[in-house]
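Sending over a structure as structure tokens; questions will come in a sec.
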């Protein structure tokens, strides 16, 4: 069974992502992770304004501000192969509920240059905790995040061998 | 006549693009400009490795390293409306040859939220100079950049009233 | 008369500021500008929490949230010489009140490698507008910004020829 | 015994480091790590141009290009408390040789607001591998890095209980 669209994303390494060693500068990968997480939510159907805070004066009309924040409490990355400007990437996401109020996302980055076999180039992980923005106390995950986690778990189950 | 695909690009404002005022942090727009310029070249058919330097050991097989660099010698931006996380953007590019060895790109950013009229939110400009990477002396533009500039000028001509 | 301490700042080009051309990537300069503007205010004695918004739950005790935002409405930069990792920079700031509710900051970047004459390497400019954060309507500059502008104008007057 | 100057660094959270949640955006911490590693080497007395690659045309006179690259192969971070714009940080580094050709740096970030007890806010780690830039084959660490690791180990030994 193929991955659903919200768990398999594409991006291209850009010139500003590289450093003077001629390859992707390591911390850009963590930026890509968060952008992939946002794109996954959006592709799945979660309105960004329902999850991410933004200036009150500029919110899309008719949407309540989220009361729950989802800060990252841990992240890590492993770099296996250097990436150069223009390299096309496939990013596979594996979101996973950890407890009622936290989840993690695992990211696998593969380079898929035309005419070459896809190669895994990096892996990463981000761990998120739900807190009430006002009090900073732990709380349950927002309902939309819960649906995304559940659908992702079902999709992952479908592609795992018994 | 509609803009050709390489001059009209899409992107979404991401959470890491914002600051504590709740809106896009200004210098991210300049990053978007360069990424749009790269995407435009790629969509037009210019191989990134033929224009942008990269680590010799990691170049795609069979491609010569570019001998000409295209540093930005000037940039500017005007910010008209704040942007929030999730805002969908349309970026219109207008590349323009200035002299044998230099060109500029003008960028217009419009927000196109679903159910709202598109609104111009920002404009920007980058000016690029061709130099020989080894000597840093001015030189003619790479041939691929010349073709992109020419095709863009033709396309722009087609949508201008006589 | 020498520049006062809040108008003459130091920084070093770091590896992540460079790109695969081996030199500083252009948009990092705009980041440096904003950081120099913040450092200038702080050195002058303006509490960051009195000017920049931040999460309510994490504000230093006893400080009111600012009601005025100072978004950048225009910026520009001119790049004269490439910068490499480790280059030591001197940044000279020239803040200037434009109208009751706006100001600009001009930045001149000089490289001062040991054993070499200092060389101007770039110039930049940011223009800021005071708005009420809640309504986004134009308003007067915060009083602390006014004092910084006035003291900077006096200092600049002292070093200008008659 | 106090930490030597090259292992205890200062920096301030800047506005562009924050996101719309009003606090430091997670991946900026990884940028700070690399900048702290560079500043540590420089404070210890290692010339940046002897370790970090840069455009050949712009190298300081009289310095050979490094033949060894030190890519990061793994990084991680733990975030314990949110940081806001203006927060003053103390960064303690603990560099550690792992094998002849690799080392890691551990980073502890403490916030030291005036009038408050310093508080640990984050920890991070970067692991670096020495490779020949041309062949990408593993090789011994550059001699200057070796000296920095050894002096750091001696300094760390001095503050550890027997």
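List of remarks:
A, B, C and D label the chains in the order they appear, each numbered from 1.
Note that contacts are C-beta pairs under 8 Å (C-beta built on N, C-alpha and C of every residue); 3 or more make two chains touch, one makes a residue touch a chain.
Because the structure is predicted, anything quoted here is derived from the model rather than measured.
Taking B-C and A-C together, the pair of chains sharing more C-beta contacts is B-C. Measuring from the averaged C-alpha position of subunit C to that of subunit D gives a distance of 26 Å.
Taking the mean of the C-alpha atoms as each chain's centre, subunit B and subunit C sit 26 Å apart. With centres set at the average Cα position, the gap from subunit A to subunit C is 33 Å.
Residues of subunit C in contact with at least two other chains: 15-16, 18, 20-23, 27, 31, 34, 52-57, 82, 84-85, 133, 136. Chain contacts here are complete: no pair of chains fails to touch. The touching residues of subunit C, when paired with subunit D in their complex, are 12, 14-16, 18, 21-23, 31, 34-35, 38-39, 42, 47-49, 52-60, 82-86, 113.
Those residues of subunit B lying in contact with subunit C across their complex are 20-23, 26-27, 30-31, 33-34, 52-55, 69, 71-80, 82, 126, 133, 136.
Subunit B contributes residues 15-16, 18-23, 25, 27, 55-57, 84-85, 133-136 to its touches with subunit D in the complex.
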